[in-house]
Amino acid sequence: MFALAEAIFPICRSITGEGVRETLRILGRHLPLKRREVPTGTRVLDWEIPKEWVIREAFIEDMNGNRILDFRECNLTVLNYSIPVDRIVHLEELREHVHTLPDQPDAIPYRTSYYAPRWGFCMPHRQLEALASGMYRVRIDSELKDGSLAYGEYVHQGETDREFLLTTHICHPSMANDNCSGLALLTLLARDLSHRRTRYTYRFLFAPGTIGALAWLAANEDRVKLIDHGLVISCVGDSGGPSYKRSRRHDAFIDRAMAHVLRNASGSRLLDFSPYGYDERQFCSPGFNLPVGLFQRSTFATFPEYHTSADNLDFIRPEYLADSYRLLMDAIDIVEKDWTPLNLFPKGEPQLGRRGLYGALGGDKSASEKAMAMLWVLNLADGENSLLAIAERSGLNFDDVAGAAELLREHGLLAASVAE
Amino acid sequence: MFALAEAIFPICRSITGEGVRETLRILGRHLPLKRREVPTGTRVLDWEIPKEWVIREAFIEDMNGNRILDFRECNLTVLNYSIPVDRIVHLEELREHVHTLPDQPDAIPYRTSYYAPRWGFCMPHRQLEALASGMYRVRIDSELKDGSLAYGEYVHQGETDREFLLTTHICHPSMANDNCSGLALLTLLARDLSHRRTRYTYRFLFAPGTIGALAWLAANEDRVKLIDHGLVISCVGDSGGPSYKRSRRHDAFIDRAMAHVLRNASGSRLLDFSPYGYDERQFCSPGFNLPVGLFQRSTFATFPEYHTSADNLDFIRPEYLADSYRLLMDAIDIVEKDWTPLNLFPKGEPQLGRRGLYGALGGDKSASEKAMAMLWVLNLADGENSLLAIAERSGLNFDDVAGAAELLREHGLLAASVAE
Amino acid sequence: MFALAEAIFPICRSITGEGVRETLRILGRHLPLKRREVPTGTRVLDWEIPKEWVIREAFIEDMNGNRILDFRECNLTVLNYSIPVDRIVHLEELREHVHTLPDQPDAIPYRTSYYAPRWGFCMPHRQLEALASGMYRVRIDSELKDGSLAYGEYVHQGETDREFLLTTHICHPSMANDNCSGLALLTLLARDLSHRRTRYTYRFLFAPGTIGALAWLAANEDRVKLIDHGLVISCVGDSGGPSYKRSRRHDAFIDRAMAHVLRNASGSRLLDFSPYGYDERQFCSPGFNLPVGLFQRSTFATFPEYHTSADNLDFIRPEYLADSYRLLMDAIDIVEKDWTPLNLFPKGEPQLGRRGLYGALGGDKSASEKAMAMLWVLNLADGENSLLAIAERSGLNFDDVAGAAELLREHGLLAASVAE
């Protein structure tokens, strides 16, 4: 997973352009990703697909031809979506086009101007402060042309058409956590899931933030009713405790499943929905109101490396990527394995001992965890509680509850509720 | 406001009598207050208007004619509603008719006996203890006569007949916080509101506690269904943190509005309803169950000055009166400005940038408060949430939410929900 | 109560056999207990009544005839329901049949094997460790024969057929808290209640754990719909704070009544339902889902004396038995005395003073508790709130609320709600 993140790190992505296509090509080595292209000018809901951005070169030179800043060394140095410029300007004018972070003087900020035509550079504040007064040559060899927005999609067909949507954004240039981590994790999770027989159909979306999600929604307005569960994934490689932001519905099944998964995860946080963040903003807009939450480690805009050159490959670690992967798989397991049991011997407890399900020696001070799980399942198997609800009320792990339910079903004590 | 409280402080009020009328005359200089008179003997719900109390003189003298206590110096010294007496009594008998506060030996308590015919005096405990044994002359020149109970009413007509009731009690003699403060505040708030065009009709009631509220309710039994919001106001001039006691309904709109207003007020307290207190007892009786709460600073019976001569003009301060005024106006603003928005572009976020509503430069670490308010309003504008509900869920101030909603409406992104 | 517990302590009880009958005979001296017998082989729900256990003798001797362990000295020493054995075995083999508590080396554990045919002994761990290697004679003179399971039942007929079920288990041998305490308490509580005219019919059940409750349920499947309230009682004589485990319904009336009773009890704990414990497991199985909770002092399996020889007569005390008795009687009082009042003067407060119900002297800083109870009852007497609900919302004691309601009813201010 880390190697894949590493492979796509150097690419200069934006919401359109070759960077996205190149990234999709690399991800596509691991799974049969379909690339969709939406032409410039296409209306997508209240928005319009912008012109495609081409960036070839960008630098600042002093009048001796010394290169002060070069896009080829770090693609954050050019204002993303910058219009072309090739001029000699005085430092005073240059300053108006240079973005820095005075509080983090050694870091280059990440800045964009997708919808307002501007040119600009980003550099360390310390470097800007050190610039001698005088004239500088600024050159950005970019182009805004009629083209298209690209996004990638992969669908793993399940037994039913009900969908689990997993999506991550593909529009950020060289930032490791935000979001090479999400792209790598989701690619390999999709690959692994493609080998598995699943109840739900899984849709994986690798789309530019906001405009990409809107483009997908516009093209799939009639399909969204199939979505039962959804997760937006980003920033999943840093050392922060895992966090989950609930969907707008607050108590959708995915919200409860993620809460259960994070319950015992060290340093985890559960956040209420807010309409600021990643593409859950679009999926949870009131006209869609989909059960889509956001999974991250450190939450966006809360770590100093966020949207700066410090979000580099040193900032993410294979073990955190692996932990994020495991937590997501745990949630998928809950979604896949949940069912609503009905106790076929609901009056009194059925005799577990006779069926070999219970320690035969009475009087022990504590029932085993396994026996507790069986007792909880039998007690709550009235057709009103799914396994997740039983795990929630009992405080037991979903896995233990699911295992007990399976055992009880094998012994003829449970059936699936007809309501299912 | 303080000056008005000062002006009415010296008057000896009771639940009936000239004190109330004199107070209404002074308040009436600021707004066209209507005085209502309800004759002695009138049935008001389960009660009856009592005889009117006239108090002319009250004193205790020793046998040398030295005045020990004189009503003219402090009108708390006579038991309110005392029957007349003019006798020579031994200290032992006198003691049975004198009320003191052993725990606050320098304060004169406030005591009443409206419905049981008694005579009595109130004095500092220290003074009573110092009285020499022997005979004393006690004289109370009072009268209980057929007359009437007076209360004041002012109605500010709004665009609709739906009402906001604001009421305060007018029956206490010289106590500054309880309740010259409430009388002064409500008078000037009514005056200021009278210049404003409002959606709701505002009814201001200046009535004797309990019996005055009952008299109003008895005369307006058919009108109460018009009352959408109501507040009882008293003790609003002391330094205590502002407090709000919820209505019996617990979550009426006024309860939520006051909770929102007090949310950030320093030292504020939110109390559950209880059937003991001021006239919210009557308005919240089960047969009416009106959405009427109680606004105070220090809550009654919790401060040592309560119902004593220490509740004087030193105990209230202009700045606390002003703060109380401001908080009430904030609640009125919420009631006036609340509406239920409907997002006209509910699928995905509408493009705020194109409409000049959003900073064009992306990548900033935090959205501004203003942008957050717009995003929250758009997200929750599904016709189920009024602005107050949006403020509650978002944690934003009502003003910011209302401002954002107005801006979005001006830009054609929101309409008022048809359900409204 | 303690004396009765003492009288039944020495008896060797099990889920069947003469021990139960002997215990019922002693309890039956205090109330006309009916003994029921359910024959071996009878199907009771998913279970079957086992063969009846007869135990005559059990010991271990060394080869010199020295008795190492003798059932006559402590009836915990034989594995309860042990099959007969009479052999010479080596210590190594003996060890496999001896149960000890390594963490409590001086205590004899209590162990059973009702449904798996085994033989075995229980002894202090220290004693087992001290046994010399070599051969031992083991003899258990027991028998498993066709017979019957016995349980006791006593019904106190109330004014209605709606039932309050109180049950405790009778199957444990010599353990004082678990459950001579419950048997003694419930017997004397039944005796005392038998002299009282009650609204509810009270059913007292003294039955072997699990199989006895199942036998009763199987025989009374059609009656259980009459049960409005129920309590399982056990371990009620130790010094632990009183505890209540809610029924599966969580907020049944009995759950609220017990919560109210324990509210002010020192060291009390309120636990959520779980399907492990005593016979509430059976009564709260999903096919019955009866409003039956569990009352204990220390909760089972949490005190070191639990299910060991240390649970002896020193472990329980008359004062704790008395306290448990009082708490249960308080709950019964709530169940008996609860009713839903309707305020006949719901508009405004009725004038309590005129009716002599209110201190006539106004201005006091605090209303008395009694007056507060009257005000709360009047305010909430809208036909939606029973007295317990009024006590819950007001924070007052049920007794004070009930007293106030009775006084108000006597004065014609309240009537019972027609809905009742």
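As written, the chains take the letters A, B and C, and residue 1 is the first residue of each chain.
Criterion: a residue touches a chain if its C-beta (ideal position, glycine included) is under 8 Å from a C-beta of that chain, and two chains touch if they have at least 3 such contacts.
Just so it is clear, the structure is predicted and the values come from calculations on it, not from any experiment.
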Request  = Have a look at where chain A meets chain C and say same if over half of the interface residue numbers show up on both copies, different if under half do.
outcome  = different
Task = Give me the rotation angle that lays the C-alpha atoms of chain A onto its copy chain B, rounded to the nearest 5 degrees.
result = 120
Request  = Indicate the whole-number Å distance between the mean C-alpha point of chain A and the mean C-alpha point of chain C.
outcome  = 53
Per-residue multi-chain contacts in chain A, two or more chains = none
Note = chain B residues touching chain A in their complex are 343, 345-351, 353-354, 360-363, 365-367, 372, 375-376, 378-382, 394
Key: chain A to chain B touching residues, read off their complex   = 44-47, 80, 109-116, 118, 210, 213-214, 217-218, 221, 248, 274-276, 281-282, 284-289, 301, 306-307
